[in-house]
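Chain lettering (A, B, C and D) follows the sequence in which the chains are written, and residue indices restart at 1 in each chain.
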Amino acid sequence: MKKVCLVIGAGAGIGGTVGKRFARDGYHAVLCRRSDETGLNRLVAEIEEAGGSASGKLLNAIEDDAIENLIADTEANVGPIEVVLFNLGAQIGNRPLSDTSYKMFETGWRLATLALFRVAKSVVPLMEARGSGTLLVTSATAAVRGNGGQHSHAAAMGGRRMLCQTLNAEYASRGIHIAHVLIDGAVDAPDTLGKMLGPENFAKLREAKGQDHDGLLLPEHMAETYFHLAHQHRSAWTFEADLRAHSDLAWWNHAPKLV
Amino acid sequence: MKKVCLVIGAGAGIGGTVGKRFARDGYHAVLCRRSDETGLNRLVAEIEEAGGSASGKLLNAIEDDAIENLIADTEANVGPIEVVLFNLGAQIGNRPLSDTSYKMFETGWRLATLALFRVAKSVVPLMEARGSGTLLVTSATAAVRGNGGQHSHAAAMGGRRMLCQTLNAEYASRGIHIAHVLIDGAVDAPDTLGKMLGPENFAKLREAKGQDHDGLLLPEHMAETYFHLAHQHRSAWTFEADLRAHSDLAWWNHAPKLV
Amino acid sequence: MKKVCLVIGAGAGIGGTVGKRFARDGYHAVLCRRSDETGLNRLVAEIEEAGGSASGKLLNAIEDDAIENLIADTEANVGPIEVVLFNLGAQIGNRPLSDTSYKMFETGWRLATLALFRVAKSVVPLMEARGSGTLLVTSATAAVRGNGGQHSHAAAMGGRRMLCQTLNAEYASRGIHIAHVLIDGAVDAPDTLGKMLGPENFAKLREAKGQDHDGLLLPEHMAETYFHLAHQHRSAWTFEADLRAHSDLAWWNHAPKLV
Amino acid sequence: MKKVCLVIGAGAGIGGTVGKRFARDGYHAVLCRRSDETGLNRLVAEIEEAGGSASGKLLNAIEDDAIENLIADTEANVGPIEVVLFNLGAQIGNRPLSDTSYKMFETGWRLATLALFRVAKSVVPLMEARGSGTLLVTSATAAVRGNGGQHSHAAAMGGRRMLCQTLNAEYASRGIHIAHVLIDGAVDAPDTLGKMLGPENFAKLREAKGQDHDGLLLPEHMAETYFHLAHQHRSAWTFEADLRAHSDLAWWNHAPKLV
């Protein structure tokens, strides 16, 4: 039985690409996303064509028992989950308080915070029993600072980061590696950023970001860091690493105020 | 009509004491808490005996419309809300992942994060129309680092802090002061810490904390800082201040690791 | 004998104004600055005309023994130093690596970091023997993030902040209050910002910052927070508080990156 | 001509081991340390026996021109420096304010902060001209929080971290990758920790840290992360990553205060 890398939130950006990276190294990738079965099948096919092993599953993470059943089924029918990549979010763009409804705020939390708690409740005890496991969590700048217009996103990601710290404090010494990957910039991801901006603006942004678009975070290269983190020896684990394109300012920098 | 200081979460600790401090300076204090009508009436009576003005209200903040109606009623029948102290939390003590239910996790968020969003949605537009207002938010160490056993609390408080940053980014320049008060230690509060520890342990803790218990955070003195923050001139506002007893180590310190 | 508030770095901005604020409440203010004896005498005269007590001293803080002698003389001849405001810096504006000499880098450290260590070595043991004392340290955004062009300033202020944390960890429980005041914006200070920008640009900046310039940090109002911090009860001390004008974005906010 | 990895601070712990890791992958490692020529020669010999290329140099980094000449000589006589590992520090153990002399405080800064500035001044313009280069900086918990007894170390490391942020802000977009590696725990390093603790205590600590000592940070495994960081694609660079043993609490965690 192959060891499993479970990707929750597997679009054509970070999620799918990280899945491919693990599959290349002998993992069976279980790729889950909410919609676009065609896109999902394409990802699985690409992995198999490259000689890897993968399966896909449509998952509405917000539904009761969806995550719980996914994890139970995977363990029962595919193999022991060695690595989970938690890659869900509910970024709704820049939206002032007046345009942020209770429902949006709650959905942000259900997808970005509660869903991670549900994953942890379901999979961490299994990993603990085996003495090892890795939980990779994609995070965003909004986890460390709240900008205007980010009520739902910042609250959800800020909660998520603190939850990761708690999980790490409780489980690292029992052999479970929690890594919080702080993505600090725009990702070259057609399924998320592309949809948020619309095709035309997305194309313009890509063009503005250098010949190879490498002023955007390129999932293929980001995946190397996810893979590295999951394979650090337990004597030298990283809890948090940031990622950004070389040409982007870090979130803590901006036009100087002379102070 | 008196200017109003609305306290959401007004026990005998921080909430009630801050309410008294504002009442002493001419505010009408509207004190809200979930239960213990006797205790609430006592607080109101103490304010009135001291020559101040106050009213009390039982409030189940988790209920639909409870916060929204409270704010609308207060504005209609008491006066313009100049200051809100948001003082709710759902600290459930140290509790491992296995003992933290979905319901607990959700309740933590509903009380500590969503309720603040609801307050902001309800009161900030009114303050904005008047060009000024203050939102004081009591926070905890768990907002900046997640310890083991703090899954619900840390996630909720971490989300709350990021929400405060977003509110501040969006509203400070429109005259609304958001202040996030990071309480980094045990408060001499019979209604919260006292209940969590039980009367005997609480008594022991108080004794251990110096002759005047001033190794605990004393609400009467904390209230001075809340009051100061609410009266800073808008040319020099504080977004975040920490508070701890002199004899307590700051959250970032501990027995040295030689690194 | 009056209790003493010693201000190291007493220009017409924060330093002098905080000195006045303490003098108004019965402290003898000892005001020290490097140059401009006329300006220094004016500050002292203004305090005395207002019924307060003050003295002035030219101080080249970078010289051997200058700080040490100042503190010894003040204790011997003026009175016990209850409060020190450490207000020195060596902001040299925005300056790329290629234009930052070893000498500039060292001067930044000597004024902003080492001088504080020398103050602490000299005054903290005296305060410790008395069981109380306050060390207020003016800090800057550069203490928490390094922008481009801030090699000297950021390194010096970052070191200063960590030194303050160490002092706090070691001395708070012995009754000495260290407060690190993070000034996150431009201060309406003719002697520092005014000189750095030149009179014309400074006048323009002031005009751009609202009718009362209150989009700049106004020292008269900042001084209230310094005074408040120095008078917090030891059961509820603040180690760090930020200050900025309402109309300014916090250092952690900027034009959103959609992340 | 081989590309060069220059290690400043190459003992038997992190420095030497990272040097070996780069040599294994085709770099010529230039290993520099202050003393112990025998140990240095042994490191070089080990690299050469493994088929790699290396040279060693005794370096007193605190001396005028020592760093500057080292970099100039290396570029002239060995090859273009692609990667620098800056690995100097001046940890002097836990030492209260009263036992920390001006000289110690200054030495800490000269080794841990100024020396990095000198490295940057010397090597960054050369890297900039070539359009690429990597500066790996070993850092410590003291860079993000000052514990008691860490006056010199915390001030020096806090300044170093801010300097790294400034260098990153100024040079990342010109192709130079700055990575700040926050070592949050004790390293299995005989030349530094071993000497600080003494052989007996060091042996005890190792024994207490698990069968393979993997409750200590093991340099051989840490080196993998240093190597990974230096080879990230410029579309996905990490500025900061922490490293600690799985069994160690992160610096922000400690025995819960219930807050």
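The working rule: a contact is a pair of C-beta atoms (placed from the backbone, for glycine too) under 8 Å apart; a residue touches a chain by one contact, two chains touch by 3 or more.
These numbers come from a predicted model, not from an experiment.
Visitor: Would you pick out the chains that touch subunit B and also touch subunit C?
Guide: A, D
Visitor: Which pair wins on C-beta contacts, A-D or A-C?
Guide: A-D
Visitor: Would you identify the chain whose Cα-based centre sits farthest away from the centre of subunit C?
Guide: Greatest centre separation from subunit C goes to chain A.
Visitor: From the mean C-alpha coordinate of subunit A to that of subunit C, what's the distance rounded to whole Å?
Guide: Result: the chain centres lie 44 Å from each other.
Visitor: Suppose each chain is reduced to the average of its Cα coordinates; what separation in Å results between subunit A and subunit D?
Guide: Centres of subunit A and subunit D (C-alpha means) sit 31 Å apart.
Visitor: Counting only residues that touch at least 2 other chains, which ones in subunit A make the list?
Guide: Correct list: 142, 145-150, 165, 168-169, 248, 252-253.
Visitor: What residues of subunit D sit close enough to touch subunit A in their complex?
Guide: Checking each residue of subunit D against subunit A gives 165, 168-169, 172-173, 175, 177, 188, 212-218, 221-222, 224-225, 228, 232-250, 252-253.
Visitor: Please name which positions on subunit C make contact with subunit A in the complex.
Guide: 91, 93-94, 140-142, 144-150, 183-186, 193, 196, 248, 251-259
Visitor: Name, in rising order, each residue of subunit A that touches subunit B in their complex.
Guide: 96-98, 100, 102, 105-106, 109, 113-114, 117-118, 120-121, 124-125, 142-143, 145-151, 154-171
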